[in-house]
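Look at the two complexes coming up: subunit A is in both, with subunit B in one and subunit C in the other.
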Partner chain A sequence: MLKVKKDKINGLIGEFLKDYLVFAPVKDGSRSKFKKITDPAEISTGTVKSERSPKDVFFPQSEVLFEYDTNGVRISDNEEKPYLLWGVRNCDTKSIRMLDKVFGNAHQAPDKDMYKDPYWKKKYDTSVIFNFACTAPLSTCFCNWFGGGPFDETGSDVFVVETDGDLILKGVSEKGKALLEKLSVTIEAEKKDEELAETAKKKAEEMMSKPTDISNLFEKLSTVWNEPVWQKLAAKCVNCGACAFICPTCHCFDVSDEGKNGRGKRVRLWDSCMFPIFTMEASGHNPRGNSTQRVKQRVMHKFNYFMENYGSHLCTGCGRCIVVCPVNFDIREVIKGILDHKIKEKVQADV
Partner chain B sequence: MLQELKDTVKKILEEKKADIVIGWKKGTLPGIATPLFMEYPEDVGELIFDHTCRNNLTSYLTKDKRKLSKDHAKVGVIVKGCDARSVVLYAVENQVKRENVFIIGVHCEGMYEKKKLRAAAEGKEIFSVKSSGNIVTIKGRDLEKSVPEKEVLSDSCIYCRYPDAREYDVFIGEPRKEVDVPEEFSSVNEFEKKTAEERWEYITEEYSKCIRCYACRNVCPSCYCNECFVDQNNPQWIGKTPETTDSIIFHLIRNIHIAGRCVDCGSCVTACPVEIDLRIMNKKVEKEIRERFGYTAGLDINEKPAMATFCEHEKQDFIMS
Partner chain C sequence: MCNGYLPIQMKVEKILAENPDKTLKTFDLSFVNEKDRDEFSYMPGQFCEFSMLGKGESPFGIASSPTEKDILKFTVNRTGSVTKEIHYLQPGDIVGIRGPLGNWYPVEKFKGADVVIIGGGFAFTTLRSMLVYMLEHRSDYGMITVIYGARNPDLLIYKDELKEWDKRDDLFLHLTIDKSVEGWTKHCGFVPTITKEVAPDPNSWAVVCGPPIMIKFTLPVLKELGFADDKIYTSLERRMKCGIGKCGRCGIGSKYVCIDGPVFSFEELKNIPEAF
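Let's turn to the complex of A and B:
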């Protein structure tokens, strides 16, 4: 393991800035989000978890796919440096890896030629993620439900632990290891540093509350489709898109053509299954016309369909949706509500 | 008071005066209650009413194409002063029949604002919020702090003229009449002192934070259109990007659309995940309506809405200039 002394951290980021576009948590008013930085001083320190997830680094809320006019179509093709993400927590690292299953063909399924999204791949394939361990997880964190933890390094390129302001670095992926070898400001970490990191890990893990066993969730969801439990769980949801837009894994999008007088652009925009127009058909029929159906879709997509299609739950337990929901629709309660729901024995219907 | 409220709701459900009653229960986060739908007398066990019952529950009467109102012949709802005004608004605008709603008024001492609690906690995570007298004690990670209540009360509550319901079927305790609040429009008055450029800069900056999640619209009792103009795509009225130019159109049109209809319940302010100052423009419009038409939303069930009437004596200087 390597170490960067606290007074050398800005120098390290300075080195990265030469070869990479560096994205890090930056304060935006009272909240923080991942933004491209040009100076290490912009980074918001002490952020446990940015209020906005880093998904928009690779999958922006609105992205121009191409522009057109009477002379033809143009796809913007700016040669950009590779991306480096600094200060990402493991819930978000895993989310980005999940999105790569959808957009980047990372999910290799037999006999399936999965779609490769060029806009995603251009940014993602050369990127490096510096995953920072969580030394002080929040009470809304529930990554341990999904087998994660504050010091989980799964998915990281470089895993970083902050100890007394110094950074301990560990190369996890081949890409991460190769990058660390090139750095000039690092020194070898001592045994003492590793012990500090181990102590921090124990402390952080103790701060997490006990996980709920969700090993049955996928199967349970496959059996509750017609159950009344959905009405009960969905009653308070007001169908805004706060949870979906703040979520690091939600990735549904809409495509909008914005143009007039012979010129325009096609834009890809975040969308949410909570919105009534999401499934509105040209005939005027809406297969998910009410709130309960839409809540069911969101839960089913996260904990059933995605598992079926890509082999994992589409949630990493970051807890952001719990914090932003205007009616305290707590996804943990929803999961528990589904697991606790008892399906009544089928009785002969009265004729 | 809580016991009296619980007994009242229980009786309402037992006597079938309402098929369902909406109230609040303790939420999973400190300082935030969550809506509770009670159908059976035993459901009242979880009912609470305190400084955390922020949500204007009357919005459920019209949400989801008025599903709740259609599913039940009579819906009971527990209301603060602002919420009661929303029911009046629905009746005035023919959205819900007054006789189909059983209004249970409670004595409101103001609600805590999520954003202000967070600011008081200096960004640290909050574990508990307790109030005693006019002092609020916030405990959190490496944090224990007591602040005067006024520091964490929502602006809508600090400057509230009608804390208790004027329209109700039953009231728990004795309702207060209108409270005199000379500083009601203080934030607007300050805002008006700025130059046009400064005002534009302020609202542009605020609305540029918008992520177009529509949480403000969806919790708003006055936003009940079956199809919102932002959801229409043939024709498409506005761009759907989070660019400032698009977001600002959404917010300004919403401002105009709830002119003379906003009850200043503060739901939108609390709902906004990016903490936009949504109140300033709503309050500005409320002030304009008050000054021009002498109208305040949700006070009188027999009064025609400001935007649905015309009187010859009304100021028409906007035409002359």
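Let's turn to the complex of A and C:
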């Protein structure tokens, strides 16, 4: 393991800034979100995840697909430096890896370029993620339900632990290891540093509440489609969509043309299955016309469909949706409600 | 790297109003660039995103058959903002399309067997594609039966071709309208009823496309005749945006209609509660 002393961190970031576009959590009022930085002083990593996830770095809330005029369409082909993400927490690292499954190539789709999202790939494929350990998880953090934890390094390129302001670095992926080898400001970490990191890990893990066993969740969800439990669970949701917008793994989008007189641009914008018009068809028919159906869709997509298509749950337990919800809809309670639900034996009418 | 969001340019060659009210129009499009034409290869049942820059995109089944070279045919029902804009098009105008998207009717699997095609209203588009394709490869298939209905004679699309097909002796065409009108000499009654009368052999492959209500009532008829779920195919419609499995809009259960469909067998659909 390597170490970067407190007073050398700015120099390290400076080195990165030469070869990379560096994205890091930056304070925006009382909250923090990932932004492109030009000066290490802007960074505000904190001890846990940022309020806004780094999803926007690769999949912005609004993104131009192309511009058009009467001569046809044009895509911007400006070359950018590779992206380096600094201060990402493990839940968010994993969410980015999940999104790559969707944007990198869709499930079952033939291995053809047209199914690979060029806007995502351009930014993602060359990116490096510096995953920071969380030293003070929040009460809403439940990454441990999904096998994660504040010190989980799965998916990281470089794993970072802060100890007394110094940084302990560990190359996790080949890409991360290769990058660390090139750095000039690092020194070998000592036994003492590793002990400090170990203590911080224990402390952080103790702060997490006990995980709920969700190993049956996928199967259970496959059996409850027609159960009345959904009405109960969905009752308070107001379909505002805040949970989907704040979620690091939600990836639904709308496509819309903006412009007039024959010139303009086609943009994609975040969208949410929580909104009634999401599935509204020209005929007026709406396959998901009521709120319960939409809440069910969100839960099924995250904990059943995505598993079927990509082999994991589409949730990292970051807890952001719990924090932003105006009516205290708590995804953990929904999961528990499903797991605890007892399916009544069908009463045989003809007996 | 190819960009699945970019439309290719097409030129409107011909426009045909399919009904007196002109709410249904068929557009023949040709490729503006030779390269696009050479690379565009599709099968009956696939669809395209039709792009009206400034208004947006809408998905439409490809109504032409791959055996009809150099043109793509779409039949568009005027209903909302994009389809209204499409209806304003004039020959010579340039439009965009993305595709071919989605899967197709398993015409390879149908080889050597009888096929029954059941359609309702203007959903006959990709059925036309498949029918023309099979007629081009006529010796590959057994008996071909077509049951096609609409509310009234005006709403049957491809009227000239229906006349031609009716004359053929290697194709059984059963046309029907909901209620009898002057001068109509074919069947009267709903598609499910006529299907029951025609009673196709349950060893055939069946392809059913039409309004949800028609599908809902035709299925039990086919089941009663002895058709197995995996012998019946349909094409689903859902609201779409990307058409390439990203935007999440067209989901039914764990499937996305745009990449896992639009063609599904009832065997696949029966376990998806959202399918109908």
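Descriptive notes on the structure:
The working rule: the second predicted complex is superposed on the first by the 337 of 351 C-alpha atoms of A that agree within 3 Å, B and C clash if a C-alpha of one lies under 4 Å from a C-alpha of the other, contacts with A are read in each partner's own complex, and residues count from 1 in each chain.
Note that in this section a residue touches a chain if its C-beta (ideal position, glycine included) is under 8 Å from a C-beta of that chain, and two chains touch if they have at least 3 such contacts.
Predicted model, so just to flag it, every value in this text is computed and none were measured.
Contacts of A:S256 after superposition: both subunit B and subunit C are touched. By the touch criterion defined above, A:F245 lies against subunit B but remains apart from subunit C after alignment on the C-alpha atoms of chain A. Once chain A of one complex is fitted onto chain A of the other, the partner contacts of A:L138 are limited to subunit B, with no touch recorded for subunit C.
With both structures placed on the common chain, the touch criterion links A:K116 to subunit C but leaves subunit B unconnected.
Once chain A of one complex is fitted onto chain A of the other, the partner contacts of A:E333 are limited to subunit B, with no touch recorded for subunit C.
Shared-chain residue A:D28: touches subunit B; no touch with subunit C. By the touch criterion defined above, A:F218 reaches neither subunit B nor subunit C. Contact with subunit C, but none with subunit B, is seen for A:E308 once the two complexes are overlaid on the shared chain.
Of the two partner chains, neither subunit B nor subunit C is touched by A:F146. In the superposition on chain A, the residues of subunit A contacted by subunit B and by subunit C overlap at 254, 256. Subunit A makes touch with subunit B in their complex at residues 28-31, 46, 48, 51-52, 61-62, 136, 138-140, 235-236, 238-242, 244-246, 254, 256, 258, 267, 269, 272, 275-277, 289-291, 322-324, 326-330, 332-333.
Against subunit C, the residues of subunit A that register as touching in their complex are 65-66, 68, 72-73, 75, 102-103, 106-109, 113-119, 121, 225-226, 251-257, 259-260, 262, 264, 266, 268, 271, 273, 278-283, 285, 287-288, 297, 300-301, 304-305, 308-309. Contact residues of subunit B toward subunit A in the complex are 27-29, 32-35, 37, 55, 59, 63-65, 67, 115, 118-119, 123, 125, 127, 141, 209, 211-215, 217-219, 227, 231, 233, 236, 239-243, 267, 270-271, 273-275. Subunit C contributes residues 1-7, 9, 53-57, 79-80, 83, 96, 212, 237-239, 241-242, 244-249, 251-254, 256, 259-260, 273-274 to its touches with subunit A in the complex.
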